[in-house]
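Here come two complexes built around chain A, the first alongside chain B, the second alongside chain C.
== the complex of A and B ==
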């Protein structure tokens, strides 16, 4: 038999008895680190024992000022916003569309497609990062493919020159120079005499044209290098592509699961009334899933601002910091080079602040559009 | 019977507890590449130390490269500096905090003078260390610029070891025609270009006195001498001596590329010899000892047009072990014992013989050194003068932008003047703090 609590005070004591342990644990695990992070960001603490070691004091907003004046911070923030954009406006719409195609059985083998698209989400992002790094590396798969095409085109042009015979005259060398990549000719001070000299002293002869062809391809053919990966903004494209490829499957599963909760009779009725698939999606599915979409957007934003492992594995934020995001910027300030813990904490608080702003904007838009977060 | 068993078990438990209590626990954060030759021999030595010192419970944690620096930074930020720690003499990564906050003891006050007299003057020169104390005992004197030359490959193409930069540049087309890179410089990790090549270029064209003047506010990185050094570095890429693709190549990829004959030269630190010699635990070597003798040489970077310090190379006191400054009593004695074991004849001879480094301990007689290890001291003798390694001479807030800038120059996204300007702004901030 359960005895009723006798008065309000006893109810209150019972309440606190149950809540206090969990609340204390919460304070220790969540609240304390956040408060400590705020304190450290305002301090000149530089490692070592916090109490009893080198003295440290609160120095105000110096680190935040330093952040505001550091172009690398703004570059990292911009790169983070690219990730947010591709996540919110790439992963979510694409995941939604794919889920709809599968849900409405517009494509065959829906279960199979779900599995295929979800696979990247269950593989370690480090493994995925290394794999894609090998694809985009300067001597990687992409470069090999592009150089294969460049080599074929150059070899065809070279064969045309050789069709006139292998006579190392000025005219012959001039023809080689005319088909050569201008960048490749930069290794010569005087291309025509220097190249002629190299051919004459290189032991080449008409009987071994394959060796000559091989060497001229190495020397004069255009070389494709993924230079765009060192340019600001453009360098983020492969990362955005991999981000899209990696996580779209997760949102597909999320949306597909929620679509299955919608009463199929409503959709059937709409179809009988003559609604097209697009109208069904726009007027029935999207409104029903508006809360899920808003939640997915919040997850996307939070995840995008925290993104680290995939980019670290692919580029480590380089070259020259052009693919750096806030989490990598924070990590580099905390653990690499000359560690600056207050600055690193200031960066982490900035990430939290930007997350709140972007999530606030998402919720505002969602409410304006009449949906509600579930 | 049951009661007797229980009593015996309790007695055994208490005895074990008492024995454990007698042991001195020593936490040691150690740095070694587990894939490099000599790793198995190194581990065997630590087992030997443990067996010879049953009163010490040696808790050794092994990490390598950035993972090491990250862990040590985390330990330092948590106020848990290991009892014995592997560290750099300068402000390199995690070692900056050890020096700045004097978290390690001055070994001149810890190790007996009789023991220290076995080491070279360079090792005991405290001006080589950031905090001007013997924070760690340098196990070697490191030449950060060492050009590894595949002379066998050069000979097969009718080429000779270059004496001047013009010689080096002249061989680019011939090597390129055969699909061979001229000078490999894997700079994906950012520091190699600065540490292994640019420091020597700066030493040759600007000199240590210029760097000292900049640090004193009497010269600027934007002055002609330093911008010329950066411009020469830029020329290496424009002339095709270094391949642009090297900017994003991982440091660890260099030895394989060079050993397989895909580059005629590689510029690296002297420590990298260990990557090419035979790993006794597997019997395998990246470069066979016979080939090391016949086909490979260690040389200095060729003469640079306009250089004022001829045949100089960047060098610095090497890494070593330091002791937590807070250790006292039995722990301090145990730590001293560990250091004297590590810097002892047996351990240091093993390090030399396995190709790890040429020790600063002067009373060693190694046996069976592989040809590249024999060639290393011969290379040191050819160097006319040593100059600063810039990450050992400059503040991290200044050399980090240089590391980034050298990548930018290689990729063609930054000019020498821009890099010099960024460095000077960072140096101005350092001077303003003072």
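== the complex of A and C ==
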């Protein structure tokens, strides 16, 4: 090979001096923990001193059986797969599409768009998670905006009714009822007489219509209380949205940079021959980038199976575990309440195993697809 | 003619998609910034508009309550020393892998490349147990020698030293891969010339390899710095002492017990994102180049 081997011993000494520090750190941070998690997941270790403390032994696959029987584990796995799916089939295609729009100069100011869309990837997911929590909260920005729109629409309808004058007749009340939110009316046993009563006893008069308008909006306008993050069936939707929002810009940059390596003459020739933009994308760009796409998918799977901090900041896996993912399930078993370290280690191993299975599938598909393209 | 209309509509749609995405990216960030100047009462009344009175007291309050001075100092330490360590050890090992022939390169370098696929988050529980047990074993040993009480000894758990070592280890796989592939492209003749002049391997490393690695070191740095600065999962379990915590941990405190003090919470969030936004503005070109290599896990 490369260097003149004047002195074999010196060369070997130098090699080990260069490689050992990094390798020791690697063993400390990656290799030993994996070995430890294999051992502990099969044991009955329950915290405390591992050496010279309470004795513990290998007891077998109990923890894995316990995992398989725990509905919370399956819920965490299901939610985690949602995150993987939105990452692989959301971030990557969307990033690709946006990169293509810039690369083919279908939109101007490519640099500027890229610079903006990458911003979320550089900011701490803790900051972003809390920010989106404030947006999606039941009294948050989204609810406020939607309620503002509802209020405006209701006020317009109310003004229309009031245009006929302020006479508290049955007909007037009937009109109010017809524009009111059905849910708001549920508080009345008999909406029309009850509401009429309420207005008459309220002492409203035509000279102070503002007060009347304000009260009617509060009472009858539709209220939009999304509370996404605390409802069983929809709680994952904001989290998936934020996941998509956060990382798409990164894939945009990755794909755009690699598109620029493609010989543009091929594309120009294809366009002159009458190929549409879609055909160019499908037959030239995608095959040329198949390796990059596969790499992106692999890193994407590895990252999204380990998603933790973003969801921790948004919901802590709650309420009632509905937004649980594997890493949070693991964390809670190890550090919250009575620790169950063997179970947490079994989860840790499961995550590693799932990553490798999904990455294997990705490589297999890439090989198959790559074969077709050649 | 038909074609021009179609392409006009297509362009319109393209701008709409791009514009919507850009708006959704930038608006929440601006919303945070604007709300950080509102009083909590002001925010409760109007969440969308501009502040009634622009106030700075949120920042003053958040800064003292959150001890952000300490937290930012710690974050700078973890990030700078961690990134420097990652770069140094990666170039060192990369030189070995790329330019010195040894049969161990296959398995060792291979294990680093495999490590790119392992996320440290999935290993946080066994890693925590490992380092805390090492502390306990060493503590018992020093106790036996009569130096100190066993519980007082911490090498890894709840120390800056331990946190930095773990950070360096966690960043190594990707950066060793990048550095090794980069150093393979350095011409052998350069190194041979130095060797003929009588330079040993270490001199060659200091005089030639390290200076030549500036481009790849920059790439590793711009990718590593945001990763370390924003890291949460590990420091959350390795460090328990408030004086040793980093910025993300401090930000999270505001969404817990102080979650109804919106003014301070918004200020804390802005303090949390400002350093990396400035870093991004300063190094956008290099960051984009680093990301293009596909070297980021998302």
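Just so we're on the same page, the second predicted complex is superposed on the first by the 255 of 374 C-alpha atoms of A that agree within 3 Å, B and C clash if a C-alpha of one lies under 4 Å from a C-alpha of the other, contacts with A are read in each partner's own complex, and residues count from 1 in each chain.
One rule holds for everything that comes next: a residue touches a chain if its C-beta (ideal position, glycine included) is under 8 Å from a C-beta of that chain, and two chains touch if they have at least 3 such contacts.
Since the model is a prediction, treat every value here as computed from it, not as a measurement.
Contacts of A:122 after superposition: chain C is touched, whereas chain B is not reached. When chain B and chain C are set side by side, the one touching more residues of chain A is C.
Once chain A of one complex is fitted onto chain A of the other, the partner contacts of A:249 are limited to chain C, with no touch recorded for chain B. In the superposition on chain A, contact of A:32 is made with chain C only, not with chain B.
Legend: residue contacts after superposition of the two complexes on their common chain; A:302 is shown touching chain C, with no touch to chain B. By the touch criterion defined above, A:186 lies against chain B but remains apart from chain C after alignment on the C-alpha atoms of chain A. Shared-chain residue A:178: touches no atom of chain B or chain C.
In the superposition on chain A, A:91 makes contact with chain C only, while chain B stays out of contact range. Of the two partner chains, chain B and chain C are each touched by A:335.
In the superposition on chain A, A:167 makes contact with neither chain B nor chain C.
Touched by chain B in one complex and by chain C in the other are residues 49-50, 334-335, 341 of chain A. Taken in their complex, chain B has these residues touching chain A: 66, 69-70, 73-74, 76-77, 79, 81, 91, 93-94, 96-97, 100-101, 103, 158, 172-174, 176-179, 188, 190, 238-240, 244-245, 247-249, 395-397, 400, 404, 407-408, 411-414. On the side of chain A, the complex with chain B involves touching residues 46-50, 53-54, 137-139, 186-188, 194-195, 198, 201-202, 214-216, 218-219, 225, 227, 229-231, 316, 318-321, 334-339, 341. On the chain A side of its complex with chain C, the touching residues are 1-6, 10-12, 14-15, 17-19, 21-23, 25-26, 28-34, 36-37, 40, 49-52, 87, 91, 97-98, 101, 106-107, 113-127, 130-135, 140-141, 144-145, 148, 245-251, 253-254, 256-258, 277, 292, 295-296, 298-300, 302-306, 308-309, 312-313, 326-327, 330-331, 334-335, 341, 344-345, 347-348, 351-352, 355-356, 359.
Chain C contributes residues 10-11, 14-15, 17-18, 21-22, 24-26, 28-29, 31-32, 47-48, 89-90, 92-93, 95-97, 99-102, 104, 108, 111-112, 115-130, 133, 136-137, 140, 165-166, 168-170, 172-173, 176, 188, 191-192, 195-196, 200-202, 205, 226, 229-230, 232-233, 237, 247-248, 251-252, 254-255, 262, 265, 269, 272-273, 276-277, 279-280, 284, 287-289, 291-292, 294, 296-298 to its touches with chain A in the complex.
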